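Please go over the structures that come below.
Presented sequentially are two complexes of chain A, the first with chain B as partner and the second with chain C.
Up next is the complex of A and B:
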């Protein structure tokens, strides 16, 4: 039972997170309330959307570090369209299309031109941010209409319409990855050569993953704009690295082939809960990065140790099985 | 009826021709043997047939229709599947998912069929085990199951038996015969002529990228096939090596135990070749890896030239003490595939070299071994991953020799190596022994063990099952290797 818990990264992280929150609840009465948890969820939304976008890219053993810039550029397109008098729905559509286009361009660079994904997306990280600055003239976009902000307002069950949409998106992605074709995404990153031999459309899968990442970054941009009501010219900067950290925390492998939506959700919520708790404990804000970084390292080191120990046990069991099972079968 | 056909196939890599105008056909209900020496182009030809590699010139016809796109999907859609030489598994997926990935239904729909096919090969493979946990032989079984499950009309097997036991290989041949009855056209690549003869109807021999012999199998003698493959080879076969002249002990193990084996005692004299036979999983690789410090030593003593092995041990210290292991799986453990030949050669002795490497010195060192071992490549700076299997193996051997070993452990030194390179390697082993190097030869090929060894030890189920003198028959080795495996199961069950 205990071992099964250790083997399941999502469950064990959930347990660590739960324990940490319980301790905080004791230290700072009033932390464990629906209101705080609701605020953790809403401040997790942007990071969560970006992470859900990045997940398939990591599964295919690629990386996308342009997420923050795609977020900024599509948010800017959304904001400029709204302020130019375009309706809410067409503006959102334009913003999402911008993200999709950015993502597909990343895909084209990686799949079509064979640029390593880290290099391609480092390039577009600058490119998309630059486009955003040119489009806005470097100014913040303010005075966004109320109907946009209403999308981020708490509704039924204390969850905003955008929060509900994010839940639906996460569930949809989890279902899609579980299908026969969805399994191909992780298969490509697990062993590209094997995928090619079995006739999987490797290049199309990789390109689609990048497109999806762009689309999710645009959705994150929409949430960002709706939540804070204006768009600074550095919107989303650095979020891509936090998304990578959250995914790694949630057990998604940077070497491809392994990772789940549940892991992504838990990783994001955990990172955000740490931030919120620090605010609650009145730790000065400039401590945040240091503590979040230390927590990330601590969890990963501990997890690495546990996984090494489990692998050693598996190996020993396999050797025993090897002598009992394989030879015995002959 | 011709199911698949290659017409005038030419392929060059960076201007170097690998295939030159090759014609090849597979017919209904026929097993077509494809044989060829080191880098003759067999694997490349089959990758072209299955759409993995695009030809420089020529065309691929499957079912009479020209294969236009060089994509495996197109070949699959026309009913052709290649079981590749190198195993490609999804480490994070289960065995079942590994086999059924890419099929039209979800994996679980194929569970019963895959289990049945595995049983048909005489293998008890846990379908829920993850790819990363499988050993070489099971990985090869998975590749074969992928091919069988797809029920292709043309099935290509590229060295499917290199890691299999004789039992499993025999079961595979039965399966291939059954497929032939069902009208499936098959291509069978192997370096073992007796295997090819056992099942094949037709043979094609490639040499230097050209067809040098083709026709019904029965029409050719073994000698004529070997002669076509590499002229001047057949003469030097089967020379018995001389008994050891050296005295003393180069290596001595007393009651050595570790992960996967226990209580092994052996002694090895300078100039002696000790064959260590057994089936896959007998614990021989684990023993070898323990001796060079890749795995912890649980109990027992190891002496090198009389001196006990120090507690702090590593492959580098072992190499300094004159003990070197040639790894079983050259792709995974032996070579840096992206690195140049010369870099691979000095990789085991790099700590002895000056801080700033001298490229010309590296290159000339490689050229020495290239000449003496007959390594075929474009030069010292070619990536070793671009060489054929036999030439890769020679580079790996050269790497081990470069440190000047006094005890050399060879783990399956001729796996996936063609007949000509195999002869070269045999000759080299004999020369090494004659010059006083002690050789521990691990091999699952019992003919090879008999051919080279002065003394034969057999391992089964992690223990030493017995020792045989030079010239023991392969059958007597097999009796120990397989017979004791059942006894070993009883022991292991109590661990």
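Up next is the complex of A and C:
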């Protein structure tokens, strides 16, 4: 039982998070309320959408660091078309299409031209941010219409329409990844050559993963614009790194092939809850990065050591019995 | 021999650089003045100061993104030590120690967890910038003002010239020369390439893999400390965010310079050329009246275009009739887009 817990990253992180939050609730009465929970959820939305987009890309053993700029560019397209008098629905569609296009371009560079994904998306990180600044002329986009902001307002059950949409998206992605075809995504990342020999459309799967990442980044841009009501030039900068950090925290491997939607959600909520708790404890804001970094590294160190120890024990067991012992210590 | 030289990636970069300078010269003749070419470098050599040791990290099979925060952390350490009354040389020593410690911490964490270096240094990117922010917050320095009040003798260093060269440029060139010798002409440099080519094989051959990789991270930390000192002198204040704008250009310069992101190949000269290419591109665009936002987009596009062109070139070369390979007398004579460059380099002779 205890060992199963150690082997399951999502479950152990959930327990650590639960324990930490319980201690906080004792230290600062009033922290553990539905209101705080709601605010953690709404401030986690942008990061969650980016992470959900990144998940399939990491599963295929690629990486996408251009998310922050895709967020900014599609938010700018959304804001500019709204302020040009376009309706809400067509503007949102335009913004999402922008993100999809950006993601597919990443996919083309990686799959079509064979550029390593970190190099390609590093380049497009600069490219998309530059395009955003050209589009806005370097000015902030303000005076966004009320009906956009209404999308982020608390509705039924204290959750905004966009929050509900994100829940639906996460559930949809989890279901999609569990289908037969969905498992192809992880198969490509686990062993690309084997997947190709099995006849899977490896290149199409990789390109689609990048497209999905762009689409989700655009959705994150929509949430960003709706939540804060204006679009600054630096919208989304640095969130791509936070998203990677959250996914790693949630047990998604950068070596491809393993990771779950539940892990992504837990990682994001945990990171955001740490931030919220710091605000609640009235810790000065300048401690945030230090604590976030220390938590991330602490979890990684602990998890890495546990995995190494489990792997060593499995190996020893195999040698002792002379046949395959437990497998699955990955 | 000449043909082989002409097919090297560095030569292509050099030609690109000359073309770039000439084009900007045609647009704006002021760009070509020696003084502007020479002293303009002070605005971007700090990118190279970290890009060159970063190249060693990449060649040895790692990656480090935390240097962007290490620069600020070391600058703050310097500022704090000076604030506490230490003389400038002692404070500078404290900054260097902080840089080396940061590099060592990265290496130790990677070794202890056996996780990908990108993940660990991503964590330390936050950790170091957080530590710098907390340290500067402790003495009540505000984010964008930073810690100031350094003696004029120190801040003058940022603008000093030696042998007719601006001091930052000279520091960069000396550092690059030292690291080029280390990488290309020493046993240790050979080890770095070998480790990057195949870490498992190197480990089984009994090479000190961990120590070699740790050294590259420590060198990056030290270079980041020097960069932090240089930028502090240049701007007259130690700030947390001094290095935050170096992250992408430095990685870009290393990759543009021919370092394979999978490790095992790359060169210091290539990275140096990459730094000048990026630096003069931004400067030239600025002097031609192009807004900075456009130049950011162009720098990103340049990276993608150059690397894509190299990939396509490598693909085309693979499809060439084998006659040419035979005529060249060796299988791996091509430019470094193929990861076997170092096989074709030293060991064969």
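One rule holds for everything that comes next: the second predicted complex is superposed on the first by the 317 of 330 C-alpha atoms of A that agree within 3 Å, B and C clash if a C-alpha of one lies under 4 Å from a C-alpha of the other, contacts with A are read in each partner's own complex, and residues count from 1 in each chain.
The rule we apply is simple: a residue touches a chain if its C-beta (ideal position, glycine included) is under 8 Å from a C-beta of that chain, and two chains touch if they have at least 3 such contacts.
Predicted model only: the values in this text are computed from it and were never measured.
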item: Touching partner for A:84 - first (chain B), second (chain C), both, neither; value: neither
item: Partner chain in contact with A:314 - chain B first, chain C second, else both or neither; value: first
item: First (chain B), second (chain C), both or neither touched by A:34; value: neither
item: Chain A: partner with more touched residues, chain B or chain C; value: C
item: Which of chain B and chain C A:305 touches, first, second, both or neither; value: second
item: Chain B versus chain C as contact partner of A:122, first or second or both or neither; value: second
item: Partner chain(s) touched by A:290 [first = chain B, second = chain C, both, neither]; value: second
item: Partner chain in contact with A:257 - chain B first, chain C second, else both or neither; value: first
item: Touched partner set for A:200, first chain B, second chain C, both or neither; value: first
item: In the complex, chain A residues that touch chain B; value: 179-180, 183-184, 186-187, 190-191, 193-201, 253, 257-258, 314-316, 318-320, 322-330
item: Residues of chain B touching chain A in the complex; value: 52, 71-73, 75-76, 82, 84, 88-93, 97-98, 101-102, 105-107, 122-124, 126, 131, 133, 135, 137-138, 146, 165, 167, 259-260, 279-283, 286, 460-462, 482, 485-486, 488-489, 491-493, 495
item: Of chain A, residues touching chain C in the complex; value: 63, 109, 113-116, 118-120, 122-131, 133-134, 138, 241, 244-245, 248, 254-255, 284, 286-294, 296-297, 300-301, 303-305, 308
item: Chain A-touching residues of chain C, taken from the complex the two chains share; value: 109, 112-116, 118-120, 122-131, 133-134, 136-137, 248, 251-252, 255, 261-262, 291, 293-304, 307-308, 311-312, 315
